[in-house]
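Presented sequentially are two complexes of chain A, the first with chain B as partner and the second with chain C.
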Partner chain A sequence: MSVKLFIHFLKIIMRSRMEYRADFLLGMVGQILGYAANYVIVWLLLNRFTSIEGWAWPEMAFLISINVLTYAIGASFTYSPMLNLEQLMIKGDLDKYLIKPIHPFAYLIASYFNFGYIAHILISAVLLIWSLGNLNVHWGVFEFTYFLFTLLSGSMLQAGGLILIGSWSLYFMKSQFMGDLYFKIKDVINYPISAYAGVIQVVLTWMMPLAFINYYPALYLLQKEENTSLLLVPMVGPLFLFLTIVVWHRGIRQYQGAGS
Partner chain B sequence: MMMKAYLAYCGKSFSKHISYRSEVWLRIFGNIVIMFIQISIWKSLAANSNDNMINMSEMVTYSIITTSVMNLLMTRVYQTIDSKLQSGDICSDLQKPISYPWYLFFEQLGTVSFQLLFNVVPSILIALLLFGVQLPEASHIFPFLLSLLVAMVISFLIGYLVALIAFWFLTTFALNWTLGALMTIFSGVFVPIWFFNPYWAKLASFLPFQYLGYIPSAIYLGKLEQPYLILIQGCGWIASLLFVVNLLWWKAIKRLIVQGG
Partner chain C sequence: MAIIQINQLVKEYRTNKRFTGSFGLIKSLFSSEYVYTRAVDGISFSIDAGESVGYLGPNGAGKSTMIKMLTGILVPTSGDIQVDGKVPYRNRKEIARKIGVVFGQRSQLWWDLPVIDSFELHKHIYNISASDYNNRVNQYVELLDMASFVHKPVRQLSLGQRMRAEIALALLHHPEILFLDEPTIGLDVIAKHNIRNFLRQINQETNVAIMLTTHDLKDIEEICDRIIIVNHGQAVFDGDIYHLKKEIGGINKQVTIEFHVDPGEIAFPNALLICDEGVRKKFEFIHHDGEENSLMRSIMSIPNVEQIKDISIEDMSIEEIIHQAFVNLTQNSKIRV
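== the complex of A and B ==
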């Protein structure tokens, strides 16, 4: 799919979204409140206890903001297509995406692009910038480049996680509860993973590599750990995304229709 | 006579959930994950704070209770109404010779009974093995059970209020997020209100959300000096919410717009 065609899709989606402008704005306000509450609760906690695992409030705000921001970017692309896949299969609408002369995966992603994450991006960006101003870290060109690449890599990890949920429905027809479960689990990385038992840290690093979204990049950027292997962190996202797309394609190849 | 019809709705919604049994394990797992996160954070905080501000066995129990109570709340009643507003099904519901709010309440009761049996009880048993729970003093048991009842009724009324406001907005999306925000902070589901700073603690004490998690847990742990007084205040909240809800109901029903249907 060409970039031009992709942008054409986005224009159409934007136009239909703006039909309900008041709804859209009201929804944004609600979402900002929802995420603000997550920050407030951590702030209240740190008001009392000053730090979690040696992470003070600005550092915690930094950690949480990277999680929310990368999620917003990743989910804009993959949330709607992947979470709607189950319904598409049940109704037999998925076949439509398979028989057009466009690459099915790209077609699906483009036609379900979600503009609804503007609120997430707003609040996380504001807190991210605020936290950077209140952190005592020196940032050169290298750190800044590293930061941008970790955001990119984090977004890919978040997008990939959602692709795996979509793939689950290709193999097993149902994925709703996997989605629900994922949303309960994914906020574990709002806290430094060193707070969890060793086994969980291993799981979050090697099995469900959520810790690469924000924890490991933050370790390096906030100069909490001198470890050159942390420089490899931005490679994890692209690798993970590639693997999840392969899994998705394998799923689609053995997809037989839901018999509808 | 009437009661029989309501109980039938209650049973119907209970058995509807039975047919989605496969999700039960994932729900239990989800509960354990939430408890695990909270308990890990408290452990870490307790290990790093120099004075004895955190009583670990207390916090473990607190987390298990609030997480469990969350599964017994009826705030989600607005989702039922929302989908019926969207589909137009609400018309046939309103024509039935039953009181609509009571019908909704009993439907929720069926859901909650299912959650209690297949979600909360197993979650608590597993949590008992994994984390351990402090047993309550005998004198706390009765007010604790009462507080659960108050929690359910207040949560139902709040959910119902949201649904009624949706008659004006025609969507619950924004309200859903706002309610989530208020619950996250003021129900004390993670951070108990006794750890809030004075300003926020004051704010929390002026809102009904504290009854949806904090108060039951605090009563269980014997943290409240006069639990019965607090519960009477909870009944005050129930009365005021009932008043508002009834007022809105009469206004809402007059301007009911069914979209397409």
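== the complex of A and C ==
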């Protein structure tokens, strides 16, 4: 799909969304309040304990903001198409994504792009910029590039996680349970994973690589650990996204009945 | 030239086997035994460019499955399938440019936006040139009488208006084949009539081949030159309506004659007496090729012809014919004409 076509989709979606302006604005307010609460909880905790595993409030704000910001970017693309997939399959509407001269994955992503994450992006960007001002980071060209790639890679990881939920419905027809589970788990990385038991750290690194979204890049940027392998962290996102798209395509082939 | 060619096509669906009995539920959960159902069971046919074919069969006969295989949505279990010389599921994107698809029960339009926005997006997806696009939109708006609602959001349209927009959308990129899965479902008589007229016209003028599934036999009668009837996954008839009538015996005519006074017994060499109520008698005239006017001659030749009060001659309706076809043709072996 060309960029031009994708932008055309975005225009159409925006126009569609503006048919229900009040709903859109109220949704934004609700999200800002919800996510503000997330920050407040941590802030309250830190008022009492001053640090969690050696992470002070601005560092924690940095950690949370990266999680929320990358989630918002990733989910703008993949939340709606992937969580609607179950319904699309039940109603048979998935078929219409398979009869167009464009890639079904790209077509689905473009048709369901979600502008509703502007609120997430606003609140997390504000907190992120604030935390950066209060952190003792040396910002050279390299650090800045690393930071940008961190955001990119994190967004890909978040997008990929949602793609896996969509794939689950392609294989097993139902994905609601997986979706619920994922949303219960995804906020554990609002805290440094060193605060969790060893098993959970292994899971968050090697099985559900959520720690690569914010924890590992933060270790490097905040100079908490000297380890050259941390430089490779921004590669995890593209790799993970690629794998999830492969899994999704296998799912579509199964849906088409090629697998059985 | 054949635009669709399928040979011994089979589509099997696999479902987990369900067990009954006290441990049946648990057994179902862990068993890897499957039940296979054949939705399409060895069907062969070919369709030429510009043909219009009705694909008919009772619910569950495998009609939608066939459309889905032809459009590349589903992969067949076995057999050959070619659309415009290519295997649809392997060349999905190329085939997509050659076909238009209308699902009667699902919309391809953007619900909240004016119809024209969906057309516009379609133009970008299919890379239709501006001049072609404008010409076609104007043409379809006129032919389908859409001027009054083309700038209205789809959610405000009536079903009949929406279906016209769906068909126009499916034709915007000038496909060589138009597939319609129950295009007139739920429409009122006038809307149905308009859509049938349009499809007939577009089929004759632009030579787009049409393949439609339907339960409304008027659709077939008014749009299609050819009928394929399927039942239990197999094609039981393939030919035109005339031959179908002949096959079923539907070409015979039922004649009811009413007399002023009971004329007593009357017999025709080419008819059976079905019902005799004295003054009113009902016959079935058996059709023989080359003797199309024998019916009238027979009636006029009865001795008390001046005693006739009224005559009615009925054709078997297409509903009756198809009903007969579903019943008869599955029992007998396949018939090809």
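Assume the second predicted complex is superposed on the first by the 255 of 260 C-alpha atoms of A that agree within 3 Å, B and C clash if a C-alpha of one lies under 4 Å from a C-alpha of the other, contacts with A are read in each partner's own complex, and residues count from 1 in each chain.
As a working rule, a contact is a pair of C-beta atoms (placed from the backbone, for glycine too) under 8 Å apart; a residue touches a chain by one contact, two chains touch by 3 or more.
Since the model is a prediction, treat every value here as computed from it, not as a measurement.
Of the two partner chains placed around the shared chain by superposition, chain C is the only one that A:100 touches, whereas chain B remains out of contact. Among chain B and chain C, the chain that touches a larger number of residues in chain A is B.
In the superposed pair of complexes, A:29 makes contact with chain B only, with no contact to chain C. By the touch criterion stated above, A:92 is placed in contact with chain C alone, chain B being left untouched.
After overlaying the two complexes on the shared chain, residue contacts for A:4 are found with chain C alone; chain B is out of touch. When the shared chain is aligned, no partner comes close enough to touch A:225: not chain B, not chain C. The intersection of chain A residues touching chain B with those touching chain C, taken from the two complexes, is empty.
Chain contact summary for the complex, chain A toward chain C: residues 4-5, 8-9, 12, 15-16, 19-20, 91-93, 95-96, 98-103, 253, 256-258, 260. Those residues of chain A that touch chain B in the complex are listed here as 23, 26-27, 29-31, 33-34, 36-38, 40-41, 44-45, 47-49, 51-54, 177-178, 180-181, 184-185, 187-188, 191, 194-197, 200.
Here chain C touches chain A in the complex through residues 11, 13-14, 68, 71-75, 77, 89, 92-94, 96-97, 99, 101, 103, 105-106, 108, 110-113, 117, 121, 124-126, 153, going by the rule given at the top. Those residues of chain B whose C-beta lies close enough to touch chain A in the complex are 22-23, 26, 29-30, 33-34, 36-37, 40-41, 43-45, 48-49, 53, 169, 171, 173-178, 180-182, 184-185, 190-191, 195-197, 200.
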